[in-house]
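What follows is a set of structures to go through.
Next, two complexes with chain A in common: one pairs it with chain B, the other with chain C.
Take a look at the complex of A and B:
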């Protein structure tokens, strides 16, 4: 294995230094509880991952469509999303390293139109930047590009993969189908990890997952407040939280910090936008993760805040019933189908995708919507016509542009800023002034 | 020459959305069901008295109607088929059955449902793992579809009708297999372009008429020797390929395609469905679900590679020309993985990406020439 400790690979060192540097920056800021908590989580994840390597504990890879609770039902196992390094690199490290991973995958023959995060995951595997897994547990969601990446990573590592088939719809029949597959995946995990699945442990993991969900539900409600109490850049980080920390105390701590910060700021009458917000927009599809300061720019220059986006929205209907093994599996399946951001909106018919958007615009009193079309999201871009029609029918102005969520070379930040500025000036402002 | 006649008929039949055989079917009161993919069993439609019609973009000169709803990052195959449907050029369809074959077709499904609004719209949630553990779900989906078709068209799809449908489609499969067997010869009696014309035609004509045309053709081909001037024998692999003109551009350089392991090629027909006993729907389901997997499926890449290598061996191919539609993610992953697997196996491999309705360009011809030279041919 190439990695024996965090200090031995430059890419990880950059991430680790980035996390620590940002934590120093934010620790002194009493208004950054949420950001502090997630940075602490990122740091801990890195330490846990390499701690597992150093201790010889098994690592199980999964994809972002697969919530990791089932893996955490086995003691001593470290779960690792295959997208983790480039995500951390974009958020807290140096995006140049992500771009190098993307280039690595393309140079190895992976088509450029595959999603950049999937290419970067393949690049990470090609460069042996990840601790070797004993197995991979995946869901075939949220998109085809993920599946292509999973197949490619499996091919590169030649490690056993267990895929769970996530069906098209979201009903109870679908929940039972996915839950049955989860049950059947347990012997697979046991075989490759060499340990028995611990139902009591799994129950504790699910309870923790529920605690996180409840804080997120409250936080989702608090973000509706006008003015929006918290900065925009924090919203999409919920997906990172759920993918990496579901079922862990760390996840609950982050969600609680998000909630507490929002609550306290509302109590103090504080707005995310210094001087007061003028515009509110629901950001849909994918966030700009290679430059979180972009959100600061929106707030300071345009007085525009994003109270909610697709990555931050956590559907409130799903808590895991922990009364029996079967109910836990069905609860986890329901979470995967109906609550996990992206999986909920991206995989099925267009209706969930559009309906969530219209509801968010209403709930969060958005002046307009921003469809930030990540170039590799063919399902989103394939539905853009219907999406536009629905937005028009609902009377919500919609800005659409294409960019890459992980790679700033596709559309530079200045272009995105210009798109949004012009739309606000030419469409939103006159509309708002006209009442 | 029977061959010339049949091929001319079939070339005409696949050049436009409608063809004379289809019109005859419609004029005699027959109904037609459109579908995209071979994981949707044609036998169910046939047993319901419907003619299966595989959706294509043939005859679409531009994709502007589809482009109005889908970004340019959706593959052109889908945008052209959607364009035809939105323009009303597929109005002869009495219904469509779609599935989440890929993200692009999934969104095409939304457009069919919301904008084209055929009188019958069916959708199958097809598992992406060709394993027993999820086969039951697929079978349930087929049962649901069968019931929906029965209710909508007021027909009863009896076991007897299903057996007759199996027999009819098996006849096609046997003929396609015979056709492919002839291509194992040193001097195959037809080119890849011709074979692909035939297999594509099989997807858009009433099956009885197709089988009957095939009988005459096969009789003549058994004694024919044609393709001797080629430089290398290749397998055409990859995703959707229903444009024989593109393949002709490749073959004109001396790369004779001896088998097309593509959608619309032999993979779409597969081996014959075993005769009873047993529930005919279950036998159909097993056949479709466990047929040679395509790139949308997972946990089966070893089987895909084995099938390709076995086919190479069987047809004595010198190399593989892989083609995929630009923006197709499933085949992007498999294209990468196949390249490295075949490199390990020392199999010459050329990867081409293409757009729908675009003939093999000068660049493609140059790459094929270079590929043949690399192979020492």
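Take a look at the complex of A and C:
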């Protein structure tokens, strides 16, 4: 399928070429089942999005805090996260395009303090790089920057927006509160899409979402194995999987490939690190999406593997109960509140944020933790004092540095490499040698 | 097998370079000289001077470790370690009860937290801003028209009534200081204010790693009693003094020399090729 066209400018071409180039690279590697699957998914997403445009099918935008199952409950609708283009540019395309989009949004007047991905999403809308939506369905999570971006994008497109209020806490009362809003969003979607919400279809979507979740839970377990069987960078991609592919067979295929690859490599006794891993660390807050090769560097130069990070961790608490419409809405609400990475940790009390980290360090037998502080994420950075205290109490050495997960201009990769190298040399290695 | 073992630590800092000998598990001679634009030459010069002071030849030194910003330029060292490791090890050797080490150097400030075994648990650095470093004090002393070594005496001169310097930036603090001088604010108050501004920044770093006693200060700025006083006031805690025979400015080099001894013994008296 051709990606060329008036509304599919160079910004999209670089993504499509990047996906295809990487797929060629990884297809030749028999040990890259997981990477192949997600690259195939990215390619398919791009084709589906423009396929929908060509076919005249409606496109509904959503934000990364909003899991897309509800939108997929309507036949023939294409969902699109508003962050998708810069995310793909960072992961598989060319980060220079993301930087240009960030600058575009700042020039438009978006505050510099707003998260770079939200600025880049606004930049994409400003440059008309997305197929026009019929409506937008959003959650006001995981952060305030998301709200700023949604409001700006809504203003630019002048399309109707349904913003669901995700409550501060995570209890059953909050689940019912969010589920009620999801129910109210259904007529909104029906009105603007011009189709009836199909509960049977929604049930199938939720079942698919559960299948993905089950594979992810198995995969989370398998990555505890020592040595870690799979490359580090793959954990950073799970959030992209959930946001784009929840409720789709493609999502399940990717999660299954992650699981199968880990299982097979464990059976073959293979390690993610050539020559064997020396150090294990839990990576927390945000991953380095603008340079996935950075993870290869950690493995080859430091013999350091990341068995799990915040973006890869899938909380085992949540599967959607598909027995009734109410249970499905409540299950989806519970997933949004308690399972979606970032929404689970950054919204509300700091307990999940800190407790998940301590538990991950224990479960994955980490020698240390890396708190990669994405500069715009005040929800995460605001709790650094409590986070440090908890790390000290648990006896887990913690490396902290600041960077921007979408923009290498804030902290270049060489600086991040130096931070990690020094910490390993000064703190981790002597402790490990001393036993 | 460690009898008579001599090792060396060479610390090439941003402002000064130091060479330290660790002889038979005791502190030997040390030299301090200015850092230059030729760190290789500076390292050689410091090393030759310290060997001359000890009256020994290079062949008698079992192992050499370089540290500091210019550590990779110590080409005759067997290996190099970061300043964090060197200061942590050096301070712990001189004061085994030390848990928090504040190193205020010419170019940066580091706070290092050690556990009970002397292992580094955590560290933080202020290495992106001149405020709170030795270079900042040099620069403001010049503005005040005094030698930097006169600052402690001025700090202790009379009542403690520091001016409050509002700026976080060393460049803007200079403007504030000029205004204060023009307003005829007493010099001791200005100096106390300067020291307080450094201390507040350092105290914030200390709190980030968690204030754990005993605290010691290392680095050239540790020789400024005014800074120590301001730090104690900011943290509400007394600093522990290092052993009298040890110059706080050479703790990094000393730590490197101690690490050199440990590596040498661990490897069974075998040197490696220079880095």
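Note that the second predicted complex is superposed on the first by the 427 of 435 C-alpha atoms of A that agree within 3 Å, B and C clash if a C-alpha of one lies under 4 Å from a C-alpha of the other, contacts with A are read in each partner's own complex, and residues count from 1 in each chain.
Please note the rule applied: contacts are C-beta pairs under 8 Å (C-beta built on N, C-alpha and C of every residue); 3 or more make two chains touch, one makes a residue touch a chain.
Given the structure is predicted, the values throughout are model-derived calculations rather than measurements.
After superposition on chain A, the partners chain B and chain C are accommodated together without colliding. In the superposed model, A:109 makes contact with chain B only, not with chain C. Once the two complexes are overlaid on the shared chain, A:386 sits against chain B while remaining clear of chain C. Once chain A of one complex is fitted onto chain A of the other, the partner contacts of A:426 are limited to chain C, with no touch recorded for chain B. Of the two partner chains placed around the shared chain by superposition, chain C is the only one that A:434 touches, whereas chain B remains out of contact.
In the superposed model, B is the one of chain B and chain C that contacts more residues of chain A.
Applying the stated contact rule after C-alpha superposition, one finds that A:296 touches neither chain B nor chain C. Draw one line from the C-alpha centre of chain A to that of chain B and another to that of chain C; the angle between them is 70°, to the nearest 10. Once both complexes are placed on a shared chain A, the shortest Cα to Cα gap between chain B and chain C comes to 5 Å.
Chain A residues 385 lie at the interface with chain B in one structure and with chain C in the other. Of all residues in chain A, those touching chain C in their complex are 385, 388-389, 392, 397-398, 400, 422, 425-427, 430-431, 434.
Against chain A, the residues of chain B that register as touching in their complex are 68-71, 73-74, 78, 100, 102-104, 106-111, 113-115, 123, 125, 127-129, 133-134, 137, 296, 298-299, 301, 326-327, 329-330, 332-337, 339-341, 351, 353.
In the complex of the two chains, the chain A residues touching chain B come out as 108-111, 113-115, 140, 143-145, 147-152, 154-155, 161-163, 165, 167-169, 174, 177, 181, 184, 347, 349-350, 373, 375-376, 378-379, 381-386, 402. By the touch criterion stated above, chain C contacts chain A in their complex at residues 81-82, 84-85, 88, 117, 119-124, 208-210.
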